[in-house]
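Consider the two complexes below, in which chain A is the common component and chain B and chain C are the respective partners.
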Partner chain A sequence: MSTLLEVTNLTVEYPTRFGIFTAIENINLSIKAGEIHGLVGESGAGKSTIGAAIIGLLSSPGYVASGDVKLHGESLRQLSDAEYHKLRGAKISMIFQDPQTSLNPLLTIEDQMVETIRQHAKISYSEAFAQAVSLLEEVGLEDVETRIQEYPHQFSGGMRQRVVIALALCTNPDLIIADEPTTALDVSVQKQILALVRTMADERGVGIILITHDIGVIAEITDNVTVLRGGRLKEEGPTAEVLGNPQHEYTKALMAAVPRLEVRLDRFTNIVKDETTNALGSDWKIPGASADFATEWLLKSTREVSQNVDPIMTIKNLDVTFYSERPFAFAKREGFKALKDISLDVVKGEILGVIGESGSGKSTLAKSIVGLVNPSAGEIRFDGDVLPQGSKRSRKDPIRRKVQMVFQDPYSSLNNRRKVYDIIAEPIRFFGLAVSKEETRKIVASVLELVEMPHRAMLQYPHQFSGGQRQRIAVARALVAKPEFLICDEPTSALDVSIQAQILNLLKDLQQTFGMTILFISHNLAVVRQMSDRIVVLKNGVLVEKSSAEDFFNAPQDNYSRKLLHETPSLELLNQTQG
Partner chain B sequence: MFTYIARRLVQSVFVMLAVSLIAFALFRYVGDPVAVMVGQETSIEDQERLREQLGLNDAVITQYVRFLGQMVTGDFGFSYRTRAPIAEMILERMPATLELGFVALFISLAVGIPAGIYTALRSDGVLANAILVVTLIGVSVPTFVIGIFLIYFFGVQLGWLPTFGRGDTVDIGWWTTNFLTIDGWRSLILPALTLGIYQLTLTMRLVRSEMQDVMHTDFIKFAIARGINYRSVRYRHALKNSMIPVITIIGLQFGGIIAFSIVTESVFQWPGMGLLFLDSIRYVDIPVMSVYLVIIALVFVVINLIVDILYLLIDPRVRLKAEAA
Partner chain C sequence: MLSNIKANWKRASIENEFLYLFLHNRVAQVAAFVAFVSIVGALFAPLIAPTDPYDLKSFSILDNFLPPAWTEMGEAKFLIGTDDQGRDLLSSILYGTRLSLIVGLSAMIFAAILGTSLGLAAGYFGGKFDAVVMRVADVQLSLPAILTALLVDGIARGILPREQHEDLLIVVLTVAIGLSLWVNFARVARASTFVERNKEYVQADEIMGLHPLRIMLVSILPNIMGPLLVIGTVDLAVAVLLESTLSFLGVGVPPNQPSLGTLIRIGTEYIFSGEWWIVVFPSMTLVIMIVSVNILGDFIRDVLNPRLR
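Our next item is the complex of A and B:
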């Protein structure tokens, strides 16, 4: 097959206040018709920049500094913007990450499809409509004739992504750049969408550049893969070779950091070594503060030494119902049951994994334990005592301290207007855990050291840190309250693989050192496998399976669990490296 | 759809009830109505008889219900100052204010929206920046200063336009209009500009920021990546999406134009409701003030209702929710 796209020595630069920032440097790529080429790397690797440079939509003030992009042997760099724009859609198209935001909410699917088709082909409205219908059928939409008149918000996430793919395909492009096309989707939907992408490549002969941070996706469908880091090409080649037998140090480390479904590892390899060592601040120390002090302080806890092996938390017949707005002042409210009749025990010192797709009620469960959501029926017992509902929990209720939570998104869970010191010191002050300001400072510095952050971090604001560092600050904040029960709601899903490895290691250490009980919520089965002692599976608010982690991954009992396991992208390709 | 509008109507009724309660309290308890109405030499017995006649000795709730009944039937009572029926006074003044308001709104939209789009799309152009600087001045200078400046420049120095009053008007039934004579139009220009400029700058800045936000959304990037021509991307895809928040603000602003045209009307001696209100304050003409309060509240409620219905027409997400309700 002939080469469809040839990228040679592509360098993209962004002028900034502090000089020129090179986003990507000397990138070479070559894609054939019908090939799916993966671009993989962590955030900041320049994956999306390559895609934007190929379709000529670099966000200003970025520009192509050198190198060339050739489509069918013809250089695209000389094109004027108008000429380039004619190429978009006709020859090159794109698929975006989030199907919730990539369709115009005010236009029907018909409007958007027909407009796009007629933009590139001189055909009548009815011909374009017929094309749109057949294409939507091809991508697996049902009942197309009626649904085409609907608006994007009437479709589910997976269906929307199918519409997006149909829109990208409707102009018959030769090359499609798919930027994280399945990141926002559940595993089962991801599987279907990836299969659709594969069909597109095989049957229509479209060349596809698949940009993703997810090694699982790469392993599942790509033919060739290019590994990027910091804007530089680290390794390239056929997917099986690169993943199965990586040559470059970085690729090896990256592969080692990916959680597997098949194996449980005790620890992950750290890839990023330089992140915590802040050259300027490493010698700035609070006297007497150390990770050892933090450990000692946290262990010298207020907790009574209870030797009971009974479950620390018992949840019985828990129901949570969300009510919609009343249609009329005295009308009956419609209820939506987010959790139905949930009963489970959490044993002291274990990590309980909670699995489920979006909408299964995982987060609602977490929120009803900490009291952010009021259950409509059932009870939650902690250490034998019934937990009062959130709104009735008094300020002084010890449960407020004993149960802490780490949220999913470290970018929105820390107050950007407060210094890290104030953020971490707040629980200490609130619960009266220190006697003096000096002690507070010492504790804050020590806990920061415990989560492998420099002491100096306490003088800075959250926006000065990366996602992984922020999540560590969030963990530190949860820790200083000396919790006995820690709830982690998707603590790593917003993070890169390498950062995820660090956070998971940290949580494992904490659990082992302090014997903390952890409720670990995730939709990522591979991550849950690494962490959990026992597993519960939620589906549409109902608990469908409860078992030990080993049993669950070896022989799942429920059909739904089997389906979930089956749909998670397999990483068997990588197993060769796992010596 | 029907229930959605019906619900909004019910809510509006509650708002009006609340406002009428305030208006009633204003009428009944700010000063003694009888003392204001009668002269100093009226005997106590006569005052008591008047009090009895006016029903001021009845229970408060009875009085309030009576007040509501009068408001609903358009029986607004008499002005303390002119002894004329308030309904007539308001009806006579209303066309002037409404015409002024509509022309001001038209100016602010006709200039503000295109200018907003232009400055959003050419954010680094010289002209766009010039417009932004000028409108910043427009936002920060108070209305009466703009009015006085316009009077001085176009009225006094150039002598092109009249500086006060409505000029020649034509009566169509009870409605007197400026729109049918050249002199009427000339009189309208300066006050309408004065009232419109502030709204214009707000509209423009709002359209600009909304449009800039929308141009950075994924669905616009996707439309560009599909090769949709730029004109359609801007005016079919982006503009409609940026208008949703703009409509809310424009609706509220229009209410504001009607309600607070007081300053402009006083600068230009424009014989509208605002000037009437100002005179009423000066002479402590409480019945007129409370009726004015009720009418302005009604204007706001009606505009909000229109905005809600416009939402239904523009945004399918709202439409669907409304159908579900």
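Our next item is the complex of A and C:
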């Protein structure tokens, strides 16, 4: 088959006030019709910039500095803006990450599809409508004739992404650029969308560039893959070869950092170094502060408080109902049950994994424990005592120190206007854990060292750190309260895989040293597999399975668990080649 | 040493976003310069002004209606002429600007403190408190600012004993203007607090059991300062304008202490009889000052709101 798209020595630069920033450098790609080519890399690798450069939509002030993009052997760089505009849609289409924002919420699907079709082909409305219907049927939408008149918000996330794909196919393009098309979707939906993308490539002969950070997705459907880092091409070739037998150091490290569903590792090895680690001023030290001091300090009182009751936390028949606003003054409020009759025990010193898709009530469970949500029924016991719930829990309740939480998004969980020192010192001050300012400083520096950050970090603001470093700071803040129970709500889902591996290693080490009990919430089965001793599965607010990690991954009892396990993009391909 | 400072400055001018954008925005620089000159002029009015317009002994009625110095009839002593009382116009403008700025600034700060605390609490607690505060704000918003100011001014005049009028006039004026401006701050503070309070860092504070007051003031307030600062600059201009309007209407500052508004009112009486300078120079001062403060406010808004860039 002839080459569809040829990218040669493409370099894109962004002028910034710090000088010219090279977003991608000397990138070469070639894509055939019917091929799915994966671009994989971590944030800042330049994946999306390549896509934008090909389709001619580089965000200002970026520009193509050198190199060429050829579609069907014709250079795209010579095109004027108007010609490029015609080409977009006609020859190249794009599928974006978030189906929420890539559809116009004020137009029906019919309006959007028919308008797009007629924009590119001079045909009558009814012909365009018929074409739209057949396209929507092709992407697997049911009951198309009625649903086409609905608005985007009436569709679920997966259905919306199908509509976006149909919209991209409207003009019968030769090339589709899919930028993280499944990142915003649950695994079960992701599986279906990926299958659809594969079908499109096979049956229509469309060339597809699939941009993703998820190696599982790459392994699942791509033919060829290009590994990128920091705007440079690291390795390329057929997917099976590159992932099965990686040649480049970076690819090897990246592969090692991907959590596996099949095996549980004690630690991730071959970690990719976080390039942004602040080398400047790393010799700035607080005298007497060290990781050993932090360990000693943290161990000092945590043991003596607990009465060693087993299990440490018991949740009985917990119900959480959220009420909507009254539609009018005396109307009955509509209730939505987020958690239904949840009962579970958490054994002291274990890591309990909580699995569930979005909307399954995982976060609500965490919020009920920490008192942010008011359960409508049931009780939570900690160390044998019943906990006051929600707003009834007093601010002075000792449980507020004993249970700490690490949040999902390190960009929102740290206050950007406060220094790292103030952020970490807040619990120390509030719970009165230190006697003097000097001691507080020493503790903060030591705990920072414990989470592998330089002492100097305490003088800086959160925005000066990368996502992984921020999550380390968030962990440090949770640690200084000397918690006995730590809740981690999707602590790594906002992070790159290599950073995720580092944070998971850190959490494991801390758990081993301090014997904390951890409630580990995640939608990612492979991550939960690496962390948990026992696992519970939530589905639509109901607890469907409770079992040990080994049993769960070897022989899940519930149908839903089996479905989840089956749908998680796996690296089976890797198993075959690596054993 | 000097090269060190130079290098530091150069680095700062690149690393600090605000400084960088300021150094690349000529309009903002001019506006900042004008605002700076107005403030310095107002601050040091007693030192700069040739005469003291508040001191009856320092001017003579015989000097009234003298045109600017460069015209035929002008006198060198009175650079831009005199008003109907024989007061030096330049001195009057300097003192008037000072009074306008003092009233405007304190009214703005009064409104900012009142509005921000109400808005912050409304956004944080929500529910009934929020509903009450925001309905009051809506009512306030349906009254023109000038009407509110007139109302407060009128009530104060009715309540206070006659002999205290003169002394308290400026305080009353400040409160009147402040009361008509707090709504802006309250609305912006409430909307921003709504966004911030759902962020995880606030939840982290709540889990710990921090006092709501501490969460609001230490955690949330610094994060909503950006939009409030913008409202602050815009409302400073509005407050100065309101003060001038009230003085123009004759319900503002005491007549023996002319502000810019008073001067413009006096000037309008003579605008058709040939004494143009009495109205033109105070008006120009006011316009230039308001425009430069507004441009500065816009600049700060653009810098703090990345979506507009």
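Just so we're on the same page, the second predicted complex is superposed on the first by the 561 of 579 C-alpha atoms of A that agree within 3 Å, B and C clash if a C-alpha of one lies under 4 Å from a C-alpha of the other, contacts with A are read in each partner's own complex, and residues count from 1 in each chain.
Keep this in mind: a residue touches a chain if its C-beta (ideal position, glycine included) is under 8 Å from a C-beta of that chain, and two chains touch if they have at least 3 such contacts.
Quick caveat, the model's predicted, so the values are computed rather than measured.
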Partner chain(s) touched by A:167 [first = chain B, second = chain C, both, neither]: first
Check the residue A:154 against both partner chains and state whether it touches chain B (first), chain C (second), both, or neither. first
One more residue to check, A:395. First (chain B), second (chain C), both or neither? second
I'd like to know which partner A:103 touches here: chain B for first, chain C for second, both or neither. first
Figure out whether A:414 sits in contact with chain B (first) or chain C (second), or with both, or with neither. second
So in the superposed three-chain picture, is A:427 touching just chain B, just chain C, both, or none of them (first/second/both/neither)? second
Quick check for you: in the superposed arrangement, does A:300 touch first (chain B), second (chain C), both or neither? neither
Can you give me the overlap between the chain B contact set and the chain C contact set on chain A? none
Counting only contacts in the complex, chain A reaches chain B at residues 55, 57, 85-90, 92-94, 96-98, 101-108, 115-116, 119-120, 151, 153-154, 164, 167-168, 171, 327-329
For chain A, which residues are in contact with chain C within the complex? 17-18, 370-372, 394-397, 400-401, 403-405, 407-409, 412-418, 426-427, 430-431, 477, 481
As the complex stands, chain B meets chain A at residues 3, 7, 10, 217-219, 221-230, 232, 236-237, 240-241, 314-317, 320, 325
Note which residues of chain C are touching chain A in the complex, please. 14, 20, 199-201, 203-211, 218-219, 222-223, 225
